[in-house]
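Letters A, B and C mark the chains as written, and numbering starts fresh at 1 in each.
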Amino acid sequence: MLTMKKLTLMGAAGALWGLSALLLSPMAHGATYSDAGAAVIVYPKIVVDTDNGVDTVITVTNQANAQTAAHCFYVNANNRCTNTLQACGDSSDCFDPMSGFTGACVTGWIEINFDIVLTPNQPVAFSAFAGFGNDNLPCPGGIGGTNCGRVCSAGGNKGFPCTQNVDCPGGSCIFATNAGTRVPPVGEDPFIGELKCIEADPITRLPVECHCDTDPTQCPCPADLQGTAIIETVLESGVIDTARYNAIGLRPTTFNNGDRELVIGGPSPDPANPALTCLDQPPETRCEYQPCASVLVFDLLFDGAIDPISNVYVTQSSLTLVPCTEDFLRQRIPQVTAQFLVFNEFEQRLSTSRLVDCLLDSQISLIDTSQFNRSIFYAPLQGTVAGQARITGVGGGLIGSAELGYCDPPAPGTGCANAAYNLNQFADREAADFIRIP
Amino acid sequence: MVRLNATWGAPRGSVLRLLAAVALLGLASSAAALPPIEADSASSDLPAGYVVFPKIVVHTTGSVSQPIAAGGTVFDTLIQLTNTDEKNPINVDCWWVNANSHCGGTQSGAICSSNAQCPLGQTCQPRWAVLDFQIRLTPGQPIAFTAASGLNRIPCDTTFPGPGCPGAPANKASGLIRPVPEDPFTGELKCVEVDDDDDPVPANHIKGEATIVSTIAQPTTAPGVTTAAAYNGIGFQADEAFMPTQVPTDPLCLGDLPPGTPAAIHCNQEYQPCPGVLILNHFFEGARTEIGGVVNTELVLVPCSEDLGNPARSAAFTVPAEFLVYNEFEQRLSTRANVSCYRSTTLADIDTGPGPSGDTFSVFAVGVQGTIAGQTRIRGVQQAPAGLGFGLLGVACENYHDGSLTGPILSRDAFNLHHEGFRAEGDAVYLSIFP
Amino acid sequence: MSTVKGLRAGRIALVLIGMTLTAATVGAEERFTTERPSSVLLFPKVVNTSETIIEITNTTNLLVNVHCFYVDGQSFGGFPIWDITDFDLVLTRQQPTHWGVGTGRAVDPTDKETGLDPGLIPPVVPGFTGFLACIEVMPSGEPSGANSLKGEATVGQVTQLGDPANHVSKYNAIGIQACGQGGCGGGGTQVNADNVLELNNVEYAACPGGLLVNFAAENGEDIAIGPANPPSVVSTNLTLIPCGIDFENLNPPSTLLAFDLRNEFESPGSTEGIPVDCWFSRDLGDPLFGNQTTIGGLGSFFGSGILRPIGPSLPVLGVANVLHMAGDGSSDTAATNLHFCNEPAAPSSCVEVNSEIRLPTLP
C-alpha cells in the first residue's frame, strides 16, 4: 500500500534519479563551474613577484548557511635550476659562478597544504604573499571572538547558526570561529603555482562522506565553496593593474566515500546503456565529482594584434593550464599533453601541442615556439585579430584560465594592462581524473 | 653405381611422392613468404595518401635568436605539393615535426646542434614538438612554399582568386601554411590526405618534392656558394578498399598494427607498410671521385611510427638501427645506432660520435674501407612490443668539399634511399586528437 | 647408389623448389620503380660535358651478370646518331661498384680504382650526352629476372671555391622489375630466354602511361634563395628517353608527347607534339614548350603537368634537373626522379603501355 512516506521516498528517489541523470548525462557543456558553488575549487594561476609589484589576492567564500572547512594545497610550480635548485625563469638564471657551470631550468613541483575553516556564509580574502593566520582571523572565536555570529558546536545542527543552546540539541551555541585556519605565505618569491581547495571535514581533512543515493537526508552533497583570484600589479608609477578570474569549481555527485582519492568523472560501466553513469561503477571507482571538461574553449586575441578600438595598443595574452589529475599522496608530477586547435577569423585551422608539466603558464605566442613571431598565436602570421583555440588534454583533463593584456607598443610585454578571464568548456571527459590527497 | 639409359617411366611412385612434397613445400613457402598484393612498401615515385619529407632545414637571416649575418650561409627548404586528382579537390593535413635541440632540453634554451654551443654544464638535448596546418587544394592544383615563410594565402582561395580557379565555393582552395616554428629549424614534414572532418581517406593524390637550398647572405665579398639538393617525398599508398574507422584515436596503419597495440585500437586507415630494409649507395667518407672535391654523406633517419598527438611518447621511443656496410671488395662491416625521433648524421659520425674527431677510423671512412663506393643496408631492429613499430625512413645528402672534409662545401645533392622488402610487424602513425 | 631416374627426378625437384622459392619472393606489385631492386636499370642522363658517376649495386647474395649499353643521344641534322657501346659486368654478392663515364674502368687490380673490378668499362667520348641501360642477364647472356640491381647517377663537377661551374646533382636509376611468376598483378611469368624483354606486365612491368612533373616557372625567382641573395633565377631541364629500346635492329626509338599543365591558379595549358627522338634534354624555356612554362607565360610561380604520349606513341621516362642561381652568380643543380602517373581515368588518362627492349641477338 502506498503511504505518504513511500510516496515521499519515491518522489525523492525520482528526483534524485533525475538530478543524477541531469548531472551526469553527456552534456554538451563541461561540468566544471566558475559561477556556482563547488566541492573543489581550483585557482590555476597564483603569482607572486614582489620585486615587480605582483601579488595575488585570493578569496574563498562559504556559500552555505553552515560552517564548513576547506583543505587546500598550494602547488609551487616554479622552475628550478638543476645545479642550484633555485627558482629560475630560464637557463641563463642557472649560472653558478662558483663552479662556472650553467644548469638547466626545469619544471619543479612542491606542494604544501593547509586548512581554512569558514563560518556560515563567510568570505575570506588573503594575499598569497602574506598568507592568513591567527593574527588576522576575522572570527577568532573564544572569549575575544564575539564579532561573529553563533553556531551549534555539536549535534544534528552542528555548524548551523543558532541564537541559544536549545537550538543545538546535543551541543551548545557558541561563537563561530575560523580557528584551525592557517594559510601560509607561498613558499617562494617569485612564485608561480596553483591553489586547490577541497571542501572537507575540519578534523579528518578528508571530504565529507555523502551517500545521497541511499540516504536522501544527506542530499545534496556539499558544494559550498566559491572563490576568486585577483592578480594585482603595482606599477612604479603607483598605478594598480588588476586581473581577476573565478576559481574553477568541481561540483559533487550524489556519492562520496570520504577517502583520500577523489574520483572526478569517469566512464559508465556499460557505455552502450545510456541509463548507466559513472555512479553505477563499484564504490572504489564510482565518481564523486562531476567530470572535467573534455575541451577548453579559449577565445583570444592573437598576440601582436592592434587593438581595434584604440588602434594603438598591442595585444598580448597568456594562458595557464593545470592538470585535472593531481597526486599529492605519492607526490607525482602530473603531465598532460595539451593539444591546441586554433581557428582564425578566416576559419583557417592550425594546431599544435604542448606538454603541461605540472603547470603551463605561458604567453600564448610562446606556447608552440621559442620565437613569438613564428607562433600560430601571432596575429601577423594568422592574418586576423581574433581567434579560437580549442584545448584538449591527452592523458588527463585540464583546467585553465587566461589573461589578456593591452600593451604599449612597440614591443609587447612592456606596460601592459591585464584582464583575466575564465575559459569556456565543451563536453565532459569520458575518462576519470583523480585528486589523491595525503 | 650409376645406371645409364634408365627410363623415366618406371617406377614413378617415389618420384611423384617427391614432386608432391616439393609442391607442398612450394605452397607452404608461398603462403608464408608471398606478400599480399598491397604489401609493396613506401615509394617516392607515385602519388600517395601519406607523404613524408624527412629532411627540412631552415636557417635564415630572419632568425630572431641566431640570424645569419651577411657572408654566412642561409638555408631554406622549398616544398612543392600537388593534388594529382584532376577532378576533385582534396584536403591535406600536414605536420611540422620540430626536432630542434635546445641547450638544457627546455624550450627556452638556445637552439643548438652540439654541446659545444651550450653554456658549460648544459647539454644540447633534442626536443620534439609537432605543429599542424591544413590546406585544401583544388583539382590538379600545385602549390609551393618555403619552410621559412610558409604560405598565408593558398592560390584559388576566396581571398586569392585566379582566372582558372573553380567558381563553386566547395571546390575552392583554403587553408594556411604556417612557417616552421623556429629558425633555425631541423625536422620533417608529414602530410595526409583527409576528408572535411580531418579523417584520413582511402585515396592517393599527394605528390611532393623538397629542395634544400643554401646560399651566401648578401651583401658580402665572400666567394659565392649556392647549393641545391632535392628529393622526392616518401609516399605511402592508402588501401583504397579499406573502410576507415574514423575514430580520431585510431592510428594510420603502415601495414599492420604493430605488436603491443591495445586491443581497443584499430586501424583508422591502412597504408602500405614501411620498407624492410633501406639501401644506401654512397661514396665512403673522404673519397675523391671523378666529380671532384672530397665527398661525405649526411644521412637523415626518422622512425616510421610516430605519435603526433602525444609528442612525449614519440620522444621516448627509440628505434635501434643496424647498418651493414659492403665495400667494392664485397667485404662487410657493421655497426648500430639509435634513432630517436629524428637523426641527422654524417656517416662517419654514426660509429664514432659527433664531430670530425675519429672520423678517419669510422667503418664508413674511405681509408678504412679501401674502396670508393659502398652499399649500406639499414634496418630497424625489432624490440619488445611497444605499440609503435620499428621501421625507418630516410634520405641522404652528399656534400662535396673543397680540398678536404673540413673545407668549404662547394655543392650538395640529395637522393632517396632504395627500399627492399617490407615490415611485416607493422607501424603506426597516431595523429593529433582534434577536439 | 644413385640412378639416372633419381638424379633426373632430383634435378626436377630442385628446379621446382627453385621456381617455388623464386616465386615466393615476388608477389608485390612489380612495376617501374626508382627505389626498388630491379632487373633493368635506366640512367636517362649520362653526360661527359662535366662528369657522370654511375653506381650500381647487386642487392642479392648471388652472383649477378649485367649487360650495359651506352646510347649516344646526340643528333645531327635532326637525326639521332644512335651510337651504342655495350659492355658486361659481373657483380658478386652485395657488391657495389662505380665508375666515371669519362674515364671508364679497367680490370686492373693495381690501378687506383680499388675494389673488385666488375668488368672492362669503356669511357665515353668527350662531350657525350645520352643514356645508359643495364640489363640483368644470365652468364650466357639471356635475360634474368632476379630483380637484383639498384643504381644512382651523380652528374656534375666541382673544382674550387667560387667556380660558378660547381654543380652536382644525383638521381636514382629508373628500374624495370621483372614480374616473376604471379607478379605484376597476378599475370606475370618467368623471364624467358629470348632476347626480347617484353614490358607488358607479363615478363616485365609495363611502361607507365605518363610522368608527373612539378616545376617552377622558368626563369622565375627562386623563392628558396629569396631575399638572401637576390636576384635569383630558377630553370628546369627535363631529360627524357622513350620507354622502349631496340638494340638489335638499332632503330632509335622516338615518340611524341603532350604536356598538359596547370599553374597554381589551376589555369590549364597544353603543348602537343613534343618530339623525343632517342634522347631529349631541354630546358622548360625551350620553344618546344610553347612559352607556357615560363614566368611570363605560366601565370604563377609554380606549375604541375603530365607528360603523356600522343596516341599510340611510346611513353617516356626521365629526370628533372633544376638549376638554382643566386644573385652573386653562384648556382647549383638538383635532380629529382619524376613521379609516374598511374591514373588511367580521364582527365589524367595515364594508361600503361606495352613496349619492349630488344637485346642484340646472341650468336
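Simple rule for what comes next: a contact is a pair of C-beta atoms (placed from the backbone, for glycine too) under 8 Å apart; a residue touches a chain by one contact, two chains touch by 3 or more.
As the structure is a prediction and not an experimental result, all values here were calculated from the model.
No other pair of chains shares as many C-beta contacts as B-C. A comparison of C-alpha centroids places B closest to the centre of the full protein.
A separation of 23 Å divides the Cα centre of chain B from that of chain C. Centre-to-centre, using mean CA coordinates, chain A is 65 Å away from chain C. A separation of 43 Å divides the Cα centre of chain A from that of chain B. Shown for chain A are the residues in touch with two or more other chains, of which there are none. The set of chain B residues that touch two or more partner chains is empty. In the complex of the two chains, the chain B residues touching chain C come out as 1-8, 14-15, 18-19, 22-23, 25-26, 29-30, 32-41, 43-47, 60-61, 68, 74, 76-78, 80, 82, 84, 86-87, 138-146, 148-149, 155-156, 161-166, 207-209, 211, 213, 215-218, 223-232, 279, 281, 283, 289-293, 326-330, 332, 370-375, 377, 398, 400, 402, 407-408, 410-420, 422.
Interface residues of chain A facing chain B in the complex, by the touch rule stated above, are 82-83, 89-91, 94-96, 99-106, 294-295, 335, 337, 339, 341, 344, 346-355, 366, 368-376, 381-383, 390-392, 394-395, 426.
Chain B makes touch with chain A in their complex at residues 63-65, 102-109, 111, 118-122, 129-134, 150, 152, 159, 174-176, 178-183, 309-312, 432-435. Residues of chain C touching chain B in their complex: 1-5, 7-10, 12-13, 16-17, 19-21, 23-29, 31-37, 51, 53, 55, 57, 59, 92-98, 100, 102-103, 113-116, 150-152, 154, 156-164, 166-172, 182, 185-186, 212, 214, 216, 222-230, 232, 262-268, 299-304, 322, 324-343, 347-348.
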